[in-house]
Amino acid sequence: MNIDHLSPYILTLVTFAPLAGALLLVLLPRRDRDIRIFSLVISLLTFILSLHLPVHFHRGQPGFQFDIDKQWIASPNIHYHMGIDGISMWLVVLTTFLTPLCVLISWKSVHDRVKEFFILLLILETALIGVFTSLDLFLFYFFWEATLIPMALLIGVFGHERKVYAAVKFFMYTMIASVFMLAAILWLYAHTSPASFDFVEIQKQMRAGTIPNFPAAAQWLFLGFFLAFAVKVPLFPFHTWLPDAHVEAPTAGSVLLAGVLLKMGTYGMLRFNLGLFPEQARHNAPWIMILALIGIVYGALVAMVQPNMKKLIAYSSVSHLGFVVLGIFSFTQSGLNGAMFVMLAHGISTGGLFMLAGILHERRHTYEISEFGGLAAPMPVYATSYLFIVLASVGLPLLNGFVGEFLVLSGAFRNRPIYGIIAATGIIWSAGYLLWMFQRVFYGKVTNPVNNSMADMIGFEKAAVWPCIVAALVMGVAPILWLGAIDPAVKAALNSVPELVSKVVGQ
Amino acid sequence: MISVHLILFLAFGAIAVAGAVNLLVQRHPINSALSLIAVMAALAGEYLLLGAEFVAAVQVIVYAGAIMVLFVFVIMLLNAGVEEHTKGSRVAFLFGIPGMLLGSLLVGWVVLRHSGTGSVGIGALPGTPKVIGNMLFHEFLLPFEVTSILILIAIMGAVVLASKPPSAPAEKVKD
Amino acid sequence: MTQNPYLWLIPTLPLAGAAINGFLGRRSSKTAVSVIALTFPGLAFVLALKIALGFSSAAAPYVFDLAHWIRSGSFSADFAFYLDQLSLVMLLVVTGVGFLIHLYSVGYMSEDPSYYRFFTYLNLFMFFMLMLVLANNYLMMFIGWEGVGLASYLLIGFWFTKDSAASAGKKAFIVNRIGDFGFLIGIFLIIQHFGSLNFTEVFSKVQPLASETSSAGFLTAIGILLMVGACGKSAQIPLYVWLPDAMEGPTPVSALIHAATMVTAGVYMVARSHVIFERAPMALTVVAIIGSLTALFAATIGITQTDIKKVLAYSTVSQLGYMFMACGVGAFSAGIFHLMTHAFFKGLLFLGAGSVIHAVGGEQDMRKMGGLKSYIPVTFGTMFIATLAIAGIPPLAGFWSKDEILWKAYQGSWVYWLIGVTTAFITSFYMFRLLYMTFFGDYHGIQVDDHGRAHAVHGHDDHGHGDPHESPLVMLIPLIVLAVLSLFGGFVGWGNHFQHFLEPVFGGGETTAEAASSLTEKLLMGVSVLVAAAGWLLAYVLYCARPELPQKIAASLGSFYDAVLNKYYVDEIYAKLFVKPLVDGSTSILWQGVDRKVIDDTVNNAADGARHISDEVRHMQSGNLRSYAGWIAAGAAVLIAYMIWLGVGR
Amino acid sequence: MTTFPAMLVQAIPQGEDSIRILPVLVLSGFGIVVMLLDPLVDEEKSQKTLGVIAFLGTLAGLAATWYMAQSPGLAFSRTIRVDSFSVFFNYLVIAIAAVVILSSFEYMAVQRIRAGEYYALILFGVVGMSLMSSAVELVLIFIGLEISSISTYILAGFRRNEASSSESSLKYFLLGSFATAFFLYGVALMFGATGSTNIDTISQKLQSGPVEVLVFLAMALMFVGLGFKVAAAPFHVWTPDVYEGAPAPVVGFMSTAPKAAAFAVLLRVVFAINAPGRFWFLWAAAALSMTIGNVGALVQNNIKRLLAYSSIAHAGYLLVAFAMTTPENSATGISAAMFYTAAYAAMNVGAFAVVSHFANAGERYVTLEDYEGLGRSSPLLAATLTIFLLSLIGIPMTGGFFAKFYVFSAALRANLIWLTLIGVVNSAIGAYYYLRIIVVMYMRESRKEVPVTPIPFGLGVALAISILATLYLGILPNRVLQVAQHSAQNLLAQPTQAPPSIAETPHPAGIPAQ
Amino acid sequence: MVPLSYYLVLSGILFACGVTGFLIKRNIISIFMSIELMLNGVNLSFVAFAAHWQLLSGQIFVFFVMVVAAAEAAVGLAIIIAVYRTRETLNVDQVNLLKL
């Protein structure tokens, strides 16, 4: 059966298809239209390829699937080890799903250096997928760093007024944080015997307790990893790079940044902080959860008063990602399932929001909310789509936002009721800032005459935004499709925390 | 009792140190150069005491002779005048001299206390031209040959640097 | 009982309607839209009736499992429907009244430019409301719960070009969210203690538990939290503030959502969870107190309002308070009974009000009306019936339910009864005040000819001539039907039929009521009737016989009157207490303060600091060769000293 | 008593011996050829022809190295050792020279520099370096050091009508000979302490007998000299000025090749001799260099000066690998250091090749402002430079990453947690100023008219080689690393029982001291 | 009989003088001469040690040092001339175009 032929290589294919596309793109002549079409085709191809994963994924079976493990470098003992479980699979699909939409939304909005733009976009996609598929710490770190450059360039070259500041801030923030992770990785490599970067191998040795003075160092290693991830998430108080990066980034950049890049952090926490240092994860959970709570409330409150649409969405991301972290460190089945689901949901809905914001910017070249008002009259379709996405991220039942938040909250509540309660206020705040923004932008009379003549969504924009809406709806109505794969993986992740198993039972 | 050897050593040493100090305090390069020659001559004497007659000879002929002549020549060529004081120099005096004295005292103390307590007599190791040449062409063949390259470079460098520079380079054409 | 495999169709049909109208409505004609919009809820109603007919009272709750929704570990919540007497009653009310109001809207909204949008929302509302009442577990109930919130948000803000409307919608949604927050926490508690949200499972686990009479346990907590949710949805103190503003929406919306169905969801939820409440007396007390206070409080405000819809709004709040009071004293069936009758007459009142507004070209201020009964007799007639009903004049619907509640309240505590009776008095007073101000005396309204404004503001039609005029037939039919229901709907309560019908749900817990002497009951009944009559009389005196008196009284009352007129300044207080501090605090402290000043500046300062140090380091490179030599010599000295120290040390 | 002819006969080196210095012979041969041809070919053509000859010379040198590698062993009465260690560094320095020569073609023409001496000096310099890397005799090392130094002193002053050039030459020369004097004094004391200048013998002596203070003193002094050569703090002060003033290709050359050779010597001195009491000094030097280099570079606007600071920083990273004590750690440390030199050479030579091309006549365009908008005006050049910069930052898949990676993992294996942390934090800070260049190239629009000429053939080849090397070391570092590890073994496992050379036996006719 | 250490101290003093000279002299040529002084100091210790160990190699080294010194002298003086040509000064404190 050809599936069995394909399965070992599918991850490699999915990961490197965009890169191959980018390389071909280098050779293509600078005819913008062809370049756009070509990159759209590539990204769609990648998406279709990636659908192979959920289709042939053995649900209910924990552990990594489709894995491929070949030695790459003998010394250091680096393996080309890729594999996915229910957790990473959906993130991969999320990435491949969002990229074509990014191509579409950039169709008209990018006129200058189109070629470079799409090359960077595709390279970025490869790097992102790689982060989620690689099981070798070295490989992981490579892809992790590799996401930096294209993203920084996307912001810095194709961004808006203060693009350079934002790009450098983004790069340095993440760079400085991730070197600590590198140090931790190196420590692990230096102290494992046989020396290895392999996640599974290290986990084995860690469990067997054969790593010399691991207990002493574990706390520091945990922090090393955690810092890198916390900055990426971004967890309060490491979040200040996010609003700047978002405001300055081009639409596609924002979409991938919010949709996928942030998930790298939470994914890392889930995979490595829990997977490798369960003990420390548990001991540090309280303050981490408190940071997450601060993030939820703080992000929401600050978002509420932002005069700039993109900044508002950025802060809302801080708030939503707070939910994810909270769920992860609640160490409950629901919490982790919820965290995973929020990641996906946030990817879709915030991605959609950024696209919609981009559509406005396209027409008015500003994100200032005060510039708009009463838009529902001139652009009804746009308004409706916007409302839909807004409701999704407000967490309305039957839309994707709700399921995740509900699970996270119930998990957090189970772990520490007060945390659950504080976090639950988030549903009030989110309704507050999003609906207020919606009202200021779309309701009331058209104050600024320019807005009367604003065109409604055009074909590309619909093609880019509506898939998000559909996805939001499907995820809200049939979350079971996703949870089916996530649940066992999460259970496995939790079981790597032996003394918590009892706690998990029943949830 | 104080041997002749020691007296000679002290005498030459005194001259050498005096010359060295004079090199420092003299403000005109020529004087410094002459005092340096004195130092070298004195050292030649020390070499003789140690039996390195050939070395002593070379010291006088090549070092004091050729090299220092080169110095004097350049001084004359550029008619370097008395060196004037500048702000940096005072700092150098304040820290440099005491620092160096301290350093040399430290080193000297160490040497006195910790180095091999052996002592050497007059002409302890006669370094006649013959034996020296013998060694140069056996154990030290390679270094010896290689020095030729060193000298080659030196000549070339001197030629390049001292010769008159060419006209200013031309701007590349932008096409 | 008979299987109802098509039960799931009941909520789905309106959804289908909404979908069709939503996607195609923009391009299709008004008639097509109205056909769609009417057919699907209509079919739902028919199905509901069919089920009701095939429904045997003895039947155990019927659960229809449709599909999985959330599965996480051992926790699961599915799309499943739960049909028992209680949900059947709600089902009939929602579909029935809902359909009538749809019918009414066809006339009322006929001139509105975005006609299809209205019916899309309306059908959507039906869908969520039915989900709510048919839910098999709390989470699915929550779906409907939030969904109806959404629908009301959309419908209140239907005329979104009006800022007040948009704000009202937002306010409604957010205030509801605050309630939902409580509800959600309650749900978490339930999960934590019962590991499930299915009604059957939860209740069966609750049954054996002892009543928390002595101390407040988690049941009490759950109860109170659920009540918080109910307060939000059913506009009880302190979360009632959104309902009056909600009158910004089109009148049919007010009738359907903010009178007949949605706002009663809270009552339904409390009744649904009666098993929990019965074991948490403290929670019940809370419910009762909130209910009674709200009833009285809102009624007093109702006296002074001059906007016809605002009066009805406050009266709704107060009536809902009644229902909660009933639940609070454990008379769940009475509460539900009142819920049903209230749906009839309050729906009727709103529709009537709509018809009036429609008649006078969009005017809502009663002081600009008067003497309309000659112009619009049918409206007057039906509204008169409704007024009688709500005032509790026998034998109309309101009388039975209100009397039932008062009697049960009396059994609970005489205080409740007293409040109830007072409220009844006030209610009948302001209702008749409304009636007199609107229909009697002579017409103070301007001869409306600037229909343009009328259209712009409300967009309902009135055929272009000056005098007030009767509404079209399509609007009158619902009025008449509801009037009939208000007249005779109460008789189902005759001899506690209704209560017995609901017994399988609420159990015999209330049959104790039978034990009490029926003499007192009769006595109290008399009192309440008298009170109602008194209210009527007072209203007659003040607003028909001696119209000049009210001003005097108002003047004499002075500031107290102002306070009541301004709804006790509650909105202002909330704004000052919560909204403003939140916004200002977030802006100045969190955003500009913490985010900009503290965090971001720290980062930037760190960068600048590094640059500054770098500048210092550069000055190591003075360019002076001797200083370089100095560095080298110094380094050498340190190194030599260190090495010698090492060497000597050993 | 042998006769003089007999002596001459004896003096003629045996076949083996001459093979083991074949690169030296070949290179000096070519150097001389270039010198001799210089007057013959006319000014215009001389640039190219001589350059090509010099390039061929380096190729021949590589071939010679390969041939030499076939017969490992000692030569010239144990002053030379041919083992994979020396072969490694021979290859490295000659390859660097080759690339630099390629990238100099255009520069020569543009700057009107006398080609003959230039190429000859490079070749002779390489001779010195190859001697440094294969000599096991301190005096020979000293001479090699002097050869390479003096040739670079001269090269630094090659832009002779630029005051800055001659100044840099002067500073380099004076400070250089100052430092060399220290080194020499160290050698003398070492000789005094052990009675030998042969590294093997010294290490044996040190292992066998008690280590006296004199040795420590000697070590200190030698460190001063070598520290200066590798630009390690606090002996780095000369670097920025000299690099700024010297011709760009020369900087590319002298920031890599002599450094590599000096590191080779340092490795021998530190590990082969197993220098006593070195740990904390090296630790401090590493930390200091990293920090000073990176911090100093943050605000630089002249790209050459910026890269000078960066080279200080990289010397610091490299020194981290030296702070090893136990033998097994030393092995990893040595291999890491060797890999680092190679990787650093690849990326830095490339970077300077770009700089020297872009600098244009009289090195007008060497500030960051000049690089504004390069990404638009010359995408290829910008992309190339970007690759080298990313490698210098240490982004994975580039040689720079693995270089840092090996060094730091070696350090961690030796439990140098703090040093590693200082290192990684530094490399993060360092990212900033490299990023600045990228930012300037891509994210800013050019404000002034900067001529960008197409990349000529020679330079193109040079860049291609450097890029390939950088990426090769970044993607398949294995082979190079294996070589490095093997040579590390060689370096550590010195023949303990070597027959004492005549140089150490008392002279037969020695007159007993009276 | 003179103790070896005397010779060493002497050479040390000379070396130190050389270093000091390098630091305090301002005329480039004088500075250069200080370097020569340092080398001389080194030479002395070479010869002394040679005598101490009875190893001629010590004396051989002196030759090499001298050669190196000669070479350095040639190059150095050439450089000095080049500098003088561009800057018309021999005062090292004024040769500071390159800084910071």
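Letters A, B, C, D and E mark the chains as written, and numbering starts fresh at 1 in each.
We take it that a residue touches a chain if its C-beta (ideal position, glycine included) is under 8 Å from a C-beta of that chain, and two chains touch if they have at least 3 such contacts.
Nothing here was measured: the structure is a model prediction, and the numbers come from that model.
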Interchain contact steps from subunit A to subunit B (minimum; 1 if touching): 2
Centroid-based (C-alpha) most distant chain relative to subunit B: C
Per Cα centroids, the chain farthest from subunit E: C
Maximum inter-chain contact count - chain pair: B-E
Identity of the most central chain, Cα criterion: A
Approximate Å spacing (C-alpha centroids) for the pair subunit A, subunit C: 37
Inter-centroid spacing, subunit E versus subunit C (mean Cα positions, whole Å): 97
Computed distance of Cα centres, subunit E from subunit B, in Å: 5
Between subunit D and subunit C, distance of the C-alpha-averaged centres to the nearest whole Å: 80
Residues of subunit D touching at least two other chains: 139, 143, 146, 150, 153-154, 157, 160-161, 166, 169-171, 174, 178, 192, 212-214, 217, 240-241, 429, 432, 503, 507, 510, 513
In subunit B, residues with contacts to at least two other chains: 88-89, 92, 95-96, 100, 103, 107, 110-111, 114-116, 120-121, 124-125, 131, 135, 139-140, 143, 147, 150, 153-154, 157, 159-161, 165
Sites on subunit A at which at least two other chains make contact: 172
Pairwise chain contacts, counting only pairs that touch as defined: A-C, A-D, B-C, B-D, B-E, C-D, C-E, D-E
Of subunit C, residues touching subunit A in the complex: 26, 67-75, 139, 142-143, 146-147, 150, 153, 157, 160-163, 166-167, 170, 173-174, 177-178, 180-181, 184-185, 187-188, 191-192, 195, 582-583, 585-587, 590-591, 594-595, 599-600, 603, 607
List of subunit B residues in touch with subunit D within their complex: 107, 110-111, 114-116, 120-126, 131, 134-135, 137-143, 146-147, 149-150, 152-154, 156-157, 159-161, 165-175
Residues of subunit C that touch subunit B when the two form their complex: 624, 626-627, 630, 633-634, 637, 640-641, 644, 647-648
Contact footprint of subunit A on subunit D as seen in their complex: 375-376, 390, 395-397, 405-406, 408-409, 412-413, 417, 420-421, 424-425, 427-429, 431-432, 435-436, 439, 442-444, 476-478, 481-482, 485
Residues of subunit C that touch subunit D when the two form their complex: 610-611, 613-615, 617-618, 620-621, 623, 625, 627-629, 631-632, 634-636, 639-640, 642-644, 646-648, 650
